[in-house]
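As written, the chains take the letters A, B and C, and residue 1 is the first residue of each chain.
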Amino acid sequence: MTASAEPVLPILLEARGLCAAYGPNQALRGLDARFFSGEIVAILGENGSGKSTLLKVIARILAPSAGDVLFDGQPLAMIQRRVTARRIAYVAQSADLVFPIRSLDLVLQGRAPHGRGFSADSAEDRQRAIEAMRACDVAGLADRDASALSGGERRRVFLARALAQEAEVWLLDEPTSGLDPRHRIDFLDVLVREHRARQTTVLLVTHEVDLALSIADRVLLLREGRAFASGPPGETLTPTALRDLFGVEARVDRDAGGRRRVVWIGRTTPEDGRPAG
Amino acid sequence: MKARARGPGLWLAAGALLAGCLLLGVSVGGVRLSPAAVWSGAGPEGETARLVASIRVPRVALAALVGACLALAGAALQALLKNPLADPFLLGTSGGAATGAALASLLGVSPLLSPGAAFAGAVVSSIGVAALARRGGRLDLQRLLLGGLIANAFFSAILLGVFSLASSETARTMLFWMMGSLADASPQKPLALLPYAAIGAAALLGSASRLNLFSVGEENAAALGVNTERSKAVVFLASSLLTGAAVAFAGVIGFVGLLVPHAARAIVGNDQRTLLPLSAIAGAALLVAADAVSRAVAAPSELPIGAVTAAIGAPVFVYLLLRTP
Amino acid sequence: MALAAGSFGVANRALRVAAVAALGLSVAAVAALGLSTVRCGRSGSSPSVRPPTPGPAKRVVALAPNLTEIVFALGAGSSLVGVSEFSDYPDAARSIPRVGGLEVSAERVASLTPDLVLATAEGGNRKGAVSALEASGLPVLVVPGGSLDEVLAGIELVGRRLGREAEGRRLMRALEERREAVRRSVASRPRPRAVLLVWPDPPSAAGGGTFLDDVLTEAGAQNLLSSRRGWPVVSAEWLATAPIEVAVIPDSPVNRPVFERAFAAGALSRGSIAAARVIRVDESALTRPGPRVFDALEQLARELSP
């Protein structure tokens, strides 16, 4: 799938001159990008380059200030919210759960756009939720309070929710940040497995170049709210591109298994590196 | 975390609690009342009993409705704002209602019109706070809380000004009303409150499933297809309606909106479809019981009901404040 | 994750501040209640003079209307350089500069350079405000008024400080004689059970240990609330069921409509209080512990006679 720069897949989502502000900053400033059905796209860029904002606009958390996102060729704003919510699932970077909620109830929320008046806990809904939890290896956590789960467990619960939602697009905002190696591997295994089983389109915001190199079909590099480059990871994530994008000298090696690995060498500019977030 | 009780047993227990509190509320007070005497109404004793009942029954009914309104508004705001400390008191709605009524009283408007003035104040406060919170076309929840803070400061300044301008006697009346009072419950009051309560409750109960999504986060609700701006407006206005009506008829009674949903959540969890109606029932029971206490403790005087709820609520509030990360 | 946690931190902080502000609001309300209670509350404190100034006072500020009336009754009205907001009797008092009502302006008082400030233990003078005046070096005399005896003693005390001892004693004796005459006239009469309502909303009455309890009792009535100290707020239930025969209410243009509403539809509209005989007494005479309270005593005794 990584062979051609322009996969022969139908365009599912398209950003056209997309502008959006998140809080006080204009995060997207005329982004043009296309996403094809069934691919995993890793979205990379500096902090503030508009990665997360792009996901929020597609998830309809945020309305664009200009430009448009076309979904199946139709502007998002023209489609009923519930209709897009049945087809697009969003997994936030963090879920600050203030109130206790059972993991199963959290997964059942994925059925809300399908139910009447956002209420969905029919026997069928429950069945689907439990199946989704099983698929994500979290069925054993169904009765546990989600706010008491570890970060890795919670992210798999949210992924299970995306499954229960039966969405064809998954928007994942830094899904592996803060996970220990074991939870990271568990999460990515489930993600790739279920993506393949369901042929979903995955937009994955990340800071991990290695993750993009290992699981993405394509990468989209953002800079200052615009598309900087896009294409197959191996061809796009070159030392030159990484230097231009992050201001850091890097080398791309291959390990014994033939997989590409990025080796960071050092900063090229005196500019202060900001923490991830 | 176990699955919570949601069956008919829960509602039977809640109904029994409310019925018990209502019975207690009617029989307890400065004058002891035996239901039998009220029933028979014979002799001087029966006559007294009927007289007392004619004063007490509307009062108990008013207490129940006011308690239900405040608890329901508090529960809905907590889910909407994803914060267990949210309360109509904190968001400035009660302050706006109180100021509306106090200004009306200062301007010599008939007390019969003060409910209208309190409701107007609640709505003005809601609109003002919402306007402060509106940023880039959407209601920002953090700014909403800050707006409530500013509204509270603003309204308490106005109220203190009104107090200092009023004659000492009028200030006394306003002060007691500020502390919450069910003392002057005519039979018309609970009837007049009923339509407001019904409209507000219907709007909130109808939003229960959406509020479940809000209680995980506003972005969560938006991503799952909820028109969040509209939902926030509905919940905010319905809560203002309930709060304004409660303040208009019974003054400022704090902590019910905070205390009751917290206790109910500890019993049934955070599913708003259960939590909202249970909060309404428990709020009614709590205020009826608190009112009975306020009547019985210092008879023939009465403690201000707001002082009773604050005495119970403030320690719980501090506990929640310390526990919130 | 850091960003999200940070922003929720702001929300929580905002909420905490809001919480503290809300608590502040309730504290303010309670403090205001305290203020209003002090206004009506009886202070058992003995008269205090500080610091003692030699010779009769020539520039006097009266911080309550009953004190203004006492000074005028002693024939020393011309020595008043400042009076409280509500000093409306006698007419001559209306043209004297005001120094504030419930909240006295200490600056205004000081700027009048008084050599005597009269404060009341019964009226609207907060203890804190009085001690602030004392602390700034002003000679403050707190005049008692918690009973009719204290009212008389207060008149004599003020007379002494104004260099009008003879007038003070004379006035005191005259008032004492009128009081004695009332006592004699009611001695053999039946004593109707009564309440004296100072305000209808919430219904507040004169309890034991107040000068109005003395007025009610000496005028020949039996105060049903004698066993309650101070100024109890009573419930509508009690008012409807207690064996009240007579209700005494202070009458003024401000009070009248409020009482009328309470009798028509409020806390005074049911049971025994609604059926009780109502006696209206001029508010400014009845509720000010000054010379005119004896006018009120006589009127009440007359109207109470069967």
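In the analysis below, a residue touches a chain if its C-beta (ideal position, glycine included) is under 8 Å from a C-beta of that chain, and two chains touch if they have at least 3 such contacts.
Not measured: the values here are computed from a predicted model.
Contact count check for A-B and B-C (C-beta pairs in contact): higher for B-C. When you average the Cα atoms of each chain and compare centres, the chain farthest from subunit C turns out to be A. Mean C-alpha positions place subunit A and subunit C at a centre distance of 73 Å. Subunit B has its Cα centroid 43 Å from the Cα centroid of subunit A. Mean C-alpha positions place subunit B and subunit C at a centre distance of 35 Å.
For subunit B, residues that reach two or more other chains under the stated contact definition are 83. Contact of a single residue of subunit C with at least two other chains is seen at no position. The set of subunit A residues that touch two or more partner chains comprises 92, 96. In the complex of the two chains, the subunit C residues touching subunit B come out as 7, 10-12, 14-19, 21-26, 28-30, 32-33, 36, 39, 101-103, 124, 199, 201-202, 204, 225, 228, 232-238, 240-242, 254-255, 258, 261, 265-267, 270-271.
Taken in their complex, subunit B has these residues touching subunit C: 29-31, 48, 51-52, 54-56, 83, 85-86, 89-91, 95, 111, 141-142, 145-146, 148-149, 152-153, 156, 160, 163-164, 167-173, 175-176, 178-179, 181, 183-184, 186, 254, 295, 299-302, 306-307, 310, 314, 317, 321, 324-325. Contact residues on subunit B toward subunit A in their complex (touch as defined above): 1-3, 79, 82-84, 136-137, 206, 208-210, 212-213, 215-217, 219-220, 222-227, 265, 269-271, 273.
Residues of subunit A that touch subunit B in their complex: 21, 56, 59-61, 63, 80-86, 88-90, 92, 95-102, 105-106, 109-110, 112-113, 115, 117-119, 143-145, 148, 165.
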